[in-house]
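Okay, here's the structure, questions in a sec.
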């Protein structure tokens, strides 16, 4: 535990809370982070906590976590009341395979007190599915767009809306689309100005950016 | 010239005529190919004949060529009468920067006796531009789609039309889009089934495929 | 299930039916898609349904599917009578390791009412194997060629036949050939005009393109 | 000119005006776009108009453009009064070699009526240079960070400020840093949440995102 | 065993002892190396000896090894007394996920008689964590810096200290940061002069370089 | 000149003479190598001596060189009498654009006293061109095959002949074939056993390997 | 079995026998190949037959195979008497981790009647190990060199011997050396002329090339 | 000039002086840096100042610089007396094409008061050239090794000497060796422990590391 230096002041400093990316950590390291949170009296968000890793935590720990297996996220401690969540962010996902990443963004936003409705299965292969939902989508102040494969959704959406679009490429795909690089490059190389990107599968980062962005608006 | 083995029977065998890709050839090698065509009494299509290379040919040769600088193509010999051109192929180009490649396809088709109207500047950043032209586009039996950058046009088009879409990625773009790999991968990784791809900037190949395809239809 | 938006009109609009790529979906998501198909009274094609995933479906579901393990595809609902299948497409596979992908194409074609004889094990390392079968191959109106490793089959075939060749590179290979990129690039960089490519291992996409192509011929 | 379809409604629809990326266009195509702007009574922003291309425009055209060679941008027509520019965006550049890209962002913002002070030469190899300027930087509502080479600036800045950071990787660098991919990946792979990225050298895109973002704040 | 040629003279010749990289070896090959060490009366360092491979060794062998599972290293035979370890090297690790690699370096140094305190969890996303420890870090004569993801630590550290910085990129990360190439390139492309790099996850190599370097100082 | 250490004994030691790769050398460095050859009384082969670099040499030097511009090679000093050249090697080139590399191999062989007839323009897009020449090709003891683009020639040839095939991929091609990596990988990933490869455009290396190989045969 | 077309004439035509690469084949496909061999009265070489796949064959089949687990190869049918093996080929392996690939080459040679002593653990990190064995190595007419990681062995060996060197890069390594591309490129980019390469881990191909090469010598 | 923030304290802080990498700067920016140096009374090292850029500086500026065209470096102001240079560093270069980079390192060392003899043309294709010089090389306390192509020199040297080896890969090479990535990876993936690497062509960085390293020794 002596190796662990939690950055509890991050939320005050940058607007985004400390979180623990569990993917390359041991159960012991995760338990240590939770103990530190308990000692400091802080809530803590855990991401990339895959089911086998979650199952390897102690029963006592598991019981104290609000775990969501689709997004592989967990909440420790007090979390803002959803009824009082701040509106403004919307999440648009191309396919059902992109939902784990979309949910990671939504859970991160919820942990910070923001609501984020998810509009799913609106990939551009059936353009009408997206066009049918445009009036809902146009109402968001910030849009998180989640897509894998060739990521054409990012450009189409970026050309249709006034809101900034935060693109989250996903690793859903095969062949030239495997691993998410194609979707990422489609977001970055988009012919529609105003699209920005985060790392592949980084729903957490997209949520963090959306929060900073809404707060920037509120600071004026 | 002894190194040169022209494949004059190719058109009979495969439906696509012999053509000379001039990019990595010397002026002498191109003159030799034209001499062989003259001797055999064949027409000949020259592609990737950039202006400096064209200018390095003998004046006599230049005069006998029907040269188009935008597409860097030239016709030698008799070419089918445009008034009698076979309809069915349409070319859709995302931006004005994609026109050289679109024109290479159109010129190849013209050399073989096919008409191919070009619908340009319908990139998806302004989706209405494409939707406005859909009734024209839907009338084509085969569509050649030409786009660079993130190539989102391929997926959007593929999801809207019944005709097969032959995607020609172009090397137009910068950063992650430089060189055309992104547009190529977008075509291949498209979520819209029925999109096929040729090599980057390969307008000639797309035309060849379109011709084979129309002939396949005619063989039934 | 509310996240699922099936595109039942796709077949009417584009000639290719809605299908479910199962690879990155959960058993629950697949069951939901089948329930939607049942409710809508539609047949449904499932692809990339690997055996472990198939085994994780409910026994009732499994019984209602016509499952083929080699191609990892399943049919739900009514499928056209093979006896009345439309001819014209032929599938040529380089090696026995390429058969799963060749079969995915054949099964997709069968689901849509098209016959597609498979000619296998005709890789160019033993050129006579291919030349022996050329009279059969030359009779097809559209050819789907399936090959991994260095994909030399695409160029050899493209130079011999009048029919359009839809190349499906496979991920069969090792070292520089691993993952299918080499075979894909061989198809795209082919010196034989008229070869078009789909994504690596994308037998479904090749079948979709072949169908669009035959229908284009029929529209004249 | 018939190939040109200007998207004059883009500004109303998305908050970002139509602009012409000149890099892969001919002088004739650029003159045509300017003629269209004149006819429509619109201003027009030209980007990636390198000096040789600018010099190839007609003298009359050149005289009507407000050209800036460092950023390779030009303004045509009426531009907002700088004295009335909207504040909120700040640009932070790692080195003097990054200034062309930083200036492209600043010029785009100026064309749209936004002020954007540039703080330059604050790369992290001399961390004190950045720390000395932090009080100025912390006052911005949105930060555009511009850096090439290893792009460590993005992570350091992202960890220090509450404002969203739009990272613009530049192609400044050599060896493993050549072309800007390293700086791009450093932005995307940053351990500091809330950093978003645009394409390499895309100062225009960063400005467009910053504008959308400030407008999102104003819509609340 | 006849295939095995141990280089026992390496330590005398180059200052770094023979070691066995176990990752791609069989249990039998490892036992043979240990038998050779026993016969020659040498100690032996084993690296990349993952737990399953360690478990596959004979009980007798396992008992004779000083095994550390976090770093996957083992010592065979006599090892220098830690109480007499030579000071001068310090190890700085960005995150807790980088500790296995940091520990491989520390264990290699200990095997050779050098002390190497580890300062962990000082990634630049919370810059104050690093700045708080700078007085300790500045006292080291040689610094081994261990970081994954975007590796911004290397540049920040390189700009702050007089000691040479040996960067060990780790394979910790995802998306563009997966596999460690991004962190490696950040070290190599660093704007801070005096940073040198070893291969990804190569804690052993960094320790070997640090030893050679301290010995170079001692030779003057 | 003191920096230059010519390896005159290489021919005796390895069968292949010292040669100077001129591409990244200055005119002064090349003149120094020739002076060293003169002093030592040796002949010298110069490769990659492009015309502008050749033109920058002193007139006296140019006069003493037997220069061939197509292959960018030059001979200095005595060269074996072509009339007495040793037979056994044949060179097969796919297209006329591959001739510079084929000629580099032929010139290197001539410099060492070997004859090497070139059979050109037998790419597999017109398979009959290759099959027509097979009786000539089958007579060679060693075959150097030269091809760019997708390099299908290597596999077709490798499957037809008993002789070893040394593949020389060329950088002729565009899009996915640009730079020669595709042709190189096609040679390495070939399904025809017995094909070996040298570096892209390395006609010299192929000739060196062919010489070693013929000498190996002669040593029995 | 109808999909299987064995090329029994390959040995007569090219000097290298038909072999079955088992890696991507099913147990049923392998059994079918063996049945075809039995029916034709031919021996058969199986490569890349990993232990789990071997174990999945029927007991009767397993009993009829001469299986070697280190190289994952199996012989079916009559094999030449080792006592009468033809000499001339030597195999040099850099490390013990490269032995599986070295053994694949040796087993292929044995199947065809050639002897091939293996000299192992002579990597260049301890150059004396290689120099100590040079008199043995210099006696071979053809050398197969097997190395992973940075593959420096290929260049050192190529500069020392008169025999042609067939380089087999192996996938042994990590970080930048993972997968074998680095070792492959070191062989191809070698500064020592006369080194040729086969695909990564392709011991079979190296043996096939060595056989063709020795036969070429014997044809003079 | 207001954009320029020189880090004059760097030498005191890190042991390596401020230097200006000129490659992507304008003549005006370079003149501004020199003016700042003059004002501050500091010497200044300019690197990557190619001849055309040097020629574009004002005559007065050119006269005040000690310019070396081979290394493209220039000294401004007082430089340590070579007669009093500190010994300990040696530079070993594989070929004459690597001399510009070797010289950049030597010039940087000279600017800082260190001597660095260069031993050139000792590539491993003629191993005796290197072995002949080993007694000189073994006397250095720190070795900077400079090599392009396959960079085998790094491993051979690393296995022979006790001194730390700082590898500088160069961009000398073609095909798979083009750009220097192969040489870089050979250094990083070396089987000889104690080799560290800097960026491609980064002679300045190697010199900076060597200085830090010698100073580390002196601090004991």
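Residue numbering begins at 1 within each chain, and the chains themselves are lettered A, B, C, D, E, F, G and H in the order written.
Rule of thumb we're sticking to: a contact is a pair of C-beta atoms (placed from the backbone, for glycine too) under 8 Å apart; a residue touches a chain by one contact, two chains touch by 3 or more.
Being a predicted model, the structure only gives us computed values, none of them experimental.
Asks: Moving step by step between touching chains, how few steps can get you from chain A to chain E?
Replies: The fewest touching-chain steps linking chain A to chain E number 1.
Asks: Touching both chain E and chain H, which chains are there?
Replies: Of all the chains present, those in contact with both chain E and chain H are D, G.
Asks: By mean C-alpha coordinates, which chain is most distant from chain G?
Replies: Looking at centroid distances, D is the chain farthest away.
Asks: Counting contact pairs by residue number and requiring over half to coincide, which of E-H, A-B or F-H is equivalent to A-E?
Replies: F-H
Asks: Tell me which chain's centre, taken as the mean of its C-alpha atoms, is farthest from chain B.
Replies: Comparing chain centres, E lies farthest from chain B.
Asks: For chain A and chain C, let me know how many angstrom lie between their CA-based centres, rounded off.
Replies: 35
Asks: Let me have the rounded angstrom distance from the C-alpha centre of chain A over to the C-alpha centre of chain G, please.
Replies: Roughly 49 Å separates the two chain centres.
Asks: Can you check how far apart chain B and chain E are, centre to centre, with Cα atoms defining each centre and the answer in Å?
Replies: 56
Asks: Could you check chain G for residues that touch two or more other chains and list them?
Replies: Residues 10, 125-126, 158-160, 175-177, 184, 188-189, 192-193, 199-200.
Asks: Which chains touch, pair by pair?
Replies: All chain pairs meeting the touch criterion are A-B, A-C, A-D, A-E, B-C, B-D, B-F, C-F, C-G, D-E, D-H, E-G, E-H, F-G, F-H, G-H.
Asks: Residue numbers of chain F touching chain G in their complex, please.
Replies: Where chain F meets chain G, its residues are 10, 13-16, 19, 88, 141-142, 158-164, 166, 184, 188-189, 192-199, 204-205, 208-209, 211-220.
Asks: Considering only the defined contacts, which chain D positions touch chain H in the complex?
Replies: My answer: residues 93, 96-97, 99, 118, 120-122, 125-126, 129, 172, 174-177.
Asks: Mind pulling up the chain B residues that touch chain A in the complex?
Replies: Contact set of chain B toward chain A: 94-95, 123-127, 149-152, 154-156, 158-160, 173, 175-177, 182, 184-193.
Asks: Residues of chain A touching chain E in their complex?
Replies: 3-5, 7, 9-10, 21, 23-25, 29, 48, 171, 180-181, 184, 199-202
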